[in-house]
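Just below sit the structures, each encoded as structure tokens.
In what follows, subunit A forms one complex with subunit B and a second complex with subunit C.
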Partner chain A sequence: MYSKSMEPRIVGTAVPRKEAAAKVTGTAQYVDDVSLPGMLHGVTVRSGHPRALIRHIHFGDGIPWHEFTIVTARDIPGRNIVTLIFDDQPFLADGEINHPEEPVLLLAHENKDMVRRARQHVFIDYDPLPAIFDIDEALQAKTIIWGEDNVFKRYCIEKGDVDAVWSQADFIVEGEYSTEAQEQLYIEPQGMLATWDPETGITVRGSMQCPFYVQKALMPLFNLPAEKVRVIQQETGGAFGGKEEYPSMIAGHAALLAWKSGRPVKMIYDREEDMAATTKRHPSRTRHRTAVSRDGRLLAMDIEFIIDGGAYATLSSVVLSRGTIHAAGPYRCDNIRVRSTAVATNTPPHGAFRGFGAPQSLFAIERHMNKVARTLGLTPEEFRRRNFLRQGDSTATGQLIKQPLDLARLQQRALQLAGYADKLERFSRLNREGTRKKGIGFSTFMHGAGFTGSGERHLQSVVHLEARADGTVCVLSSMTEMGQGTNTILAQIAAEALGTSYEQVQVLRPDTAQVPNSGPTVASRTAMVIGRLVQSAALSLKEKLLQAALLQPGYTPEQFQSACREYICSIGPLKTSAQYEEPPGVHWDDEKYRGEAYGAFSWAVHVAEVTVDTVTGEIQLDDFVALQEVGRVLNPVLARGQIEGGVAQAIGYALYEKVVWRDGGMANNQMTNYIMPTAMDLPPIRVYFEEIPYEHGAMGAKGIGELPMDGPAPAILNAVENALGISFCHIPLLPEDVLSELSVAREAALDLAGSVV
Partner chain B sequence: MAECSVSFTVNGRIQSVTVPPMKRLLDVLREDLNLTGTKEGCGEGECGACAVLLNDELVNSCLVPVRDASGARICTIEGVPAAGQLHRLQQAFIEAGAAQCGICTPGMIMAGLQLLSRCPHPTLEEIREGLSGNLCRCTGYMRIFEAIQNVAQSSE
Partner chain C sequence: MTPFTYSCPKTIEEAIVAAESGPDVRFIGGGTNLIDLMKMGVEHPRRIIDLNKLPLKMIEEHNGGLRIGALVSNTDAANHPLVRSRYPVLSQAILAGATQQLRNKATMGGNLLQRTRCYYFYDPSFEECNKRRPGSGCAAIKGYNRIHAILGASDQCIAVQPSDMCVALLALDAVVQVDGPPRSIPMRDFHRLPGSTPQIDTNLQPGQLITAIDLPPIPYGRRSVYIKVRDRNSFAFALVSVATVLDTRPDGVIRKAHIALGGVAMKPWRATKAEQLLAGKKPDENTLRAAAGAELQPAKGYRDNAFKIELAKRCIIRSVQSALRAG
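Moving on, here comes the complex of A and B:
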């Protein structure tokens, strides 16, 4: 990959984040920091009913309604559908309501306080319809709210013949596991600023992950061609999947108000609206039935995985897909069946959130593996060791593991780093006394990087590189920076491949009028897939300079810059591009759901140490070890930050963050009563990497961003089980859940004592 | 609502605004003084993205009616660099990777500065406590702890 004169100098080093100075000085421009002359402020009037027909909208007294711009479904010039996968979700309800946060009407006014007050004075009369709120009600199908059977999507993965195995099994172990919704809780609420010009069309700027998704949604809304819908990403204050799809909705709303008023319209959600209305992680229920032999081999795994998608299809089919493929975990087994379903309920649609279905199904398998081990009388580490996938094995979808893979060694190293064996022994002694019980537990897991199956082939992502006369090189792609480090790693890859300096590479802010479509910034694909395209485009650009004899091998960054200058002066523009090409030997069957599901998997072992207070039910994390194999680490500080942040978010998922639902709406939509981890709550998060370069990834990199979301919850609950001897199968695990199980256990112990007497 | 005139010092400059007395200091800073480095994350004093120093105390500016800031000395993120140079805490944030998406960063830096001014060599526990009113969803806080520790150590 590198010539001798070009030892890696930039990739693998902790260069500072490109936009760091703007962020630490407060000069980075997020959408709410931008104001335009004559700008109006927009708000959304929402349904407040889980399911109903709209009878009548009327406007209350005391508000100067003539000063307002008002938009309803009837004003929409094009198609009233948020374009994504299925055409089911309207921008504005047209007669029918399917969840309590459904947008019905838009208002804009130049006075922000006035428009917020006015929102309280719009009254909508409804004819209520029966609604459903959970997976069971959806599957019972007594009330049909979507399609013919409340089902958005089903998948079935079949490997071998599960049903032929049950009779030969020494043990059959069953378990049921469930997870609740989780709010992304990026600290910057969602927002958009739209302008309309009859000549140039719509321009929206805002907080988002996927500018081309927004463009694709706005074109049919206004019947405008791509060149008349311009979408620009502002600095984005966290996203985690939450700004993958919903920005299309807000952009559409702001644009409709701008189009109708002829003035710029800014629409910024406050925290309560953001939490209530935008997407969250899908609640899930997983059932396992596992056949094992007496010597601890997995013979068959039968898995049922169900997620609650909310009122509209949005991304549920794709979330379900990833959860389905990850459901069997990192284990070799010849007979696997995974049947999965995404159902509809009358809550706001659930959507993308870091991990994208995998945290749910991996929570189940990693709790269940401990249960199977216990049934067999093996330790969880020994049972796993006997069943880990290895190089040459195949996954649930039949994907051959081609890369070197030694999970047993990874597990061993993680347990050593955590002091696992000593602690197990010490805790079992300590726990004989006192009310504070200590425990240690772990999880072993993987995350597939890039779009699933044929996804990357369909995306056909493109990136451009362009040198400027001053010798700097610009990277043009639609990959957004949202804190994860896109700008920095793409610049590192380009600089490394070009042989120039990191400082001399600029990464352009995504703007659909200026950058090519490199697909969405999701699925841990930026470094591995798009980084690779940047690398290819950079090598072509360098090649042009070499062929023009403006550079000699062994050149310095300064020589590279002057060669760019000379090329542009004497020959012309210096631009290259690269388009995604599938690596050889990759096959995916969308019908049978078999084949190479992902270009590569990253692998990890997480170890959690807890103290459970049996008086208060409180679970304190004392230590956390995260060891992962993610291919080449492009920037050690950024990579560490990704793992630490993901682990923190997953600790919240496991122990703190509970969405309380009331009639399909989020009842605790405030930071006061939806609790995420603070600086006081987290243990030391100790991060370790193993690096096995992936030949088709950028400079050897695989995906990293979602991986740390997958493992902490089962590791923590495994640790709690170790501390208390109680097996919890549901997250979040709150103190009240612990206390209630402890009292059940105490009563059972008393009964037992009584019967002995 | 009747407006009133309020004067205070922001980043060393005397400022006067005529606004409703209950207008949030956060909005006055952002809208009337165009100091948009102070961010709104929750609007209810939970997240600390809007933290500023008011007479050297760390406050959430979303909870301060502007009239309560009358005559006060206010420092925002825009007032942190001195003579065009980044403050060493800002530099430490860059080096440790303590700013990811950056939306909590201005408030975090104000909290860090306030902590270091009252406690130049904080323990890890004191750092955790000093930052406990500022939420960060990206970093898991570890990089931020490191940035503050690095500044504390370099001033020994």
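Moving on, here comes the complex of A and C:
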């Protein structure tokens, strides 16, 4: 028996996942497991051109077209726009094509093979237009493809006066860093099943992160009020941001086909379509100009951060915002300027992906800090130690660090855990011989949890809790379980706050007809922000029982359950809710981009150890230490899983996963040629937490999901630099890139030898 | 998948008779490649003849060497004590391929006929593939061709043969035994370069059945090594691989070198030029570099795979150096 005073009871323990049994026994219902009578299968006919005008659509011979439901832009009953931020992307191209995967036409038929075959027999004539494919072409603006200047959004953060510093600096260090696109590669491809009923309207069920985003996009598409657009999440097999905004598109398509045919329509992408057509991580380019004093103090940081958003704005402005705010890293500096731009190109729109702009700009700063340290003749750890943000300092946006923060200690602990000093010494000895060189490197970084700036205030998230007559309590929110453990931690928080058992708390599957809008399941906000609302609603519910004198302090879970039963029988429904309230002292200026950018930051130090084969260019990770401070850990197994998974995904980002573009389309949209690491390629990932409870987070928790995506790539490239003495500034770093640099180095050495002779 | 009929003959004679009925017939062993291709819509056999009841699962001594039945699984061959002790390069090559589960199922005969992993061959949604649809073009030449051929390609096809096992068999001068009618095909004559008929992978005739693979006696077979460079440690085909077997004198001079490359051409590539340049020499750095350079002299890179030329040279050098230390 636990004693009553023993804390924690449920939070902080590794309870079994809520949905684990259904998943491992195969009873979990993913969208493709659902079939409805009379259901049709839908497919999308895509443009195949990066930029063009549609001249004519014709339908080839040999297909019984009269059996098909066909939808074009002209059929759309409402607004042909995927509602998001800038309202620029159509559901179906209307005359104009802006990327090679742009949807032009929809087909549905009872027979899945038939509809796939028919897709090959729709022929579209185009008048090609000039297209642009990278950041430089977009900025040159010789061809304008979006707005007046190919720019979706610009930001400028200014702190102090950067330009006043250059002349006093002992050193000025410049660097350029770039990152490429990355595909989310969730296990379950995107899919939706839509039905239409003239009385009740549209119902869409499928794989998604944000049911209310889908609802918001479908309402204007059909000119329907919210109560006539119902969105239900099915079991979702991974998302990583890839199912934040794109599901609105496929849901709209399935709904249009259902509306036109009057029958249920299912659309499931295969892997190749999913990889080619859906959003990926934004490619980026960052330039740093840094002024430092001889004694290793950062005097000024001038940063230019540019991301490629693809053909439509989607979430690029928000991704840019997060990348901009994180661009100066966890360092104190009185003079910081970050100028950032999101540009348009004729590729499919890039979008949300775990980290959301931060992995790009943090890659740059964490590579650049090593370069500055080298210039100064300091070790990377000593240079960082002299410049870490501490409690009482302010960030680039002027956010005061109120929480206890000791990054120097975090760094020291991580380096100790990794055996850093010993290995540095040992590797430099070992590397004098042989063709396999060993290296060790690290990165120090942070991730802001929750929506940026005034985002959470605008969202006004709501959560309901409802007790049932059997004594169980149900959590109602729009937070989606997609494999990350939402249902488990929300139930843990509720059970702990209520004083009932974990098993007695159920988490309702999000259905816009049944749950309140708690905002999207993104931005590492679920545990910290929504968990806190669950905690508040739970405390209110408990208070009702205490006030009704149905419970006495010190009650057991069994007593709690019978109190619920009694309340419902004698008094009535037992239901509470909680709505987001901004913590006191939080200010954000959207114009000047100054103030409290995030409720809280999580902090981390990651250390990577590599072996580089100088004959083949192959890089193998030998060890990885991930130490982070994420507030209170709600569930140690899930938290560890988040870190291990994030590190693995970031190893892919750093060393394996390359999206190859041809004329704006992904040329390697197969899992045989878009290479992701397997378990065999991963090092032991050693995960450690420091727990400093955050007073405004649920039970002290901060965000965790995105943090581990931010640090591994620069840590790995820092380790490669340690091994080879070659500084790589671009990811992914593939064996051929290493080989090419090594060949250059060898030829240079041979030339030198030749000239001596 | 297209519907097909299925039979499971009990003798080699029955299998050969059953295969005489036309071009839409396929033998099936482990099925690890054929079933995949049928699901993808690349292969459309009308008749499947299952070989698994045939008595072809033995590994036995034969003429001083070893005879390995066509139905022996990759796993059993790789782990067989005689293979491991006399021909370690074959064991290493097999174990470098695919995954444990696939190796348990895949057969030696089937692996000889493994089809290319060219992305464009494997996916019928690409219209152009001369190997899949003769005359339709080659999507790889202008497409993404990182894994493609640098040697022996044609303007019709730049695919590569993906089997690791075949590279080792070529280095070991193995001989493929077929029936219908009985015939011996040396490994070096088994696979074909694409030329103008890229749809034909091998010199096996329709209806002929592989019964066994013979390994000749190689007294110095232990002095051998297989190295493979691939994109990840599992589930990846070779970017470049090298199988090397060396006959050396006590003073370190190479009497005879057997070197075969994988991942570079539509057949496992015997590095005869390099072998000639190494014969009778002490393999110092310069000799090795010259030999590797000569072998790759006719190599041609495409947009994404030019790095494989330098990589192949480096792998030849590493492979010979490693083999010198082996055995």
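Convention: the second predicted complex is superposed on the first by the 742 of 757 C-alpha atoms of A that agree within 3 Å, B and C clash if a C-alpha of one lies under 4 Å from a C-alpha of the other, contacts with A are read in each partner's own complex, and residues count from 1 in each chain.
The criterion applied here is as follows: a contact is a pair of C-beta atoms (placed from the backbone, for glycine too) under 8 Å apart; a residue touches a chain by one contact, two chains touch by 3 or more.
Please read these numbers as outputs of a predicted model, since none were measured by experiment.
*Asks:* After lining up the shared chain so the two structures overlap, which partner does A:622 touch, if you call subunit B first and subunit C second: first, second, both or neither?
*Replies:* Once the two structures are laid over each other on A, A:622 reaches no partner at all.
*Asks:* After lining up the shared chain so the two structures overlap, which partner does A:656 touch, if you call subunit B first and subunit C second: first, second, both or neither?
*Replies:* second
*Asks:* Looking at A:735 after the superposition, I want to know if it touches subunit B, subunit C, both of them or none. Which is it: first, second, both, neither?
*Replies:* second
*Asks:* Could you say whether A:186 touches subunit B, subunit C, both of them, or neither, answering first, second, both or neither?
*Replies:* After superposition on chain A, A:186 lies in contact with subunit B alone.
*Asks:* Looking at A:678, would you say it contacts subunit B, subunit C, both, or neither? Reply first, second, both or neither.
*Replies:* A:678 sits against subunit B and subunit C alike.
*Asks:* On the A-aligned overlay, A:743 touches which partner chain: subunit B = first, subunit C = second, or both, or neither?
*Replies:* Touch status of A:743: second partner only.
*Asks:* With the two structures laid over each other on chain A, which partner does A:382 touch: subunit B (first), subunit C (second), both, or neither?
*Replies:* Neither partner.
*Asks:* Touch test for A:240: subunit B only (first), subunit C only (second), both, or neither?
*Replies:* Touch partner of A:240: subunit B, not subunit C.
*Asks:* On the A-aligned overlay, A:158 touches which partner chain: subunit B = first, subunit C = second, or both, or neither?
*Replies:* In the superposed model, A:158 contacts neither subunit B nor subunit C.
*Asks:* Once the complexes are superposed, what residues of subunit A are shared between the subunit B interface and the subunit C interface?
*Replies:* Dual-contact residues (subunit A): 670, 672, 676-680.
*Asks:* Flag every residue of subunit A that touches subunit B in the complex, lowest number first.
*Replies:* 14, 16-17, 19-30, 32-33, 184-189, 235-240, 270-271, 482-485, 637-638, 640-641, 644-649, 670-672, 676-680, 682, 684-685
*Asks:* Along subunit A, where are the residues that touch subunit C in the complex?
*Replies:* It comes out as residues 120, 272, 435, 615-618, 656, 660, 662, 667-668, 670, 672-673, 675-681, 735-736, 739-740, 743.
*Asks:* If we count contacts the way the header does, which residues on subunit B are in touch with subunit A in the complex?
*Replies:* Within the complex, subunit B contacts subunit A at residues 30, 36-44, 46-47, 49, 76-78, 80-81, 86, 90, 93-97, 99-106, 109, 127-129, 131-132, 134-145.
*Asks:* Applying the document's contact rule, which stretches of subunit C touch subunit A when the two form their complex?
*Replies:* Interface residues on subunit C, with respect to subunit A: 117, 119, 122-123, 125, 143-144, 146-147, 229, 231-236, 239, 304, 307, 310-311, 314-315, 317-318.
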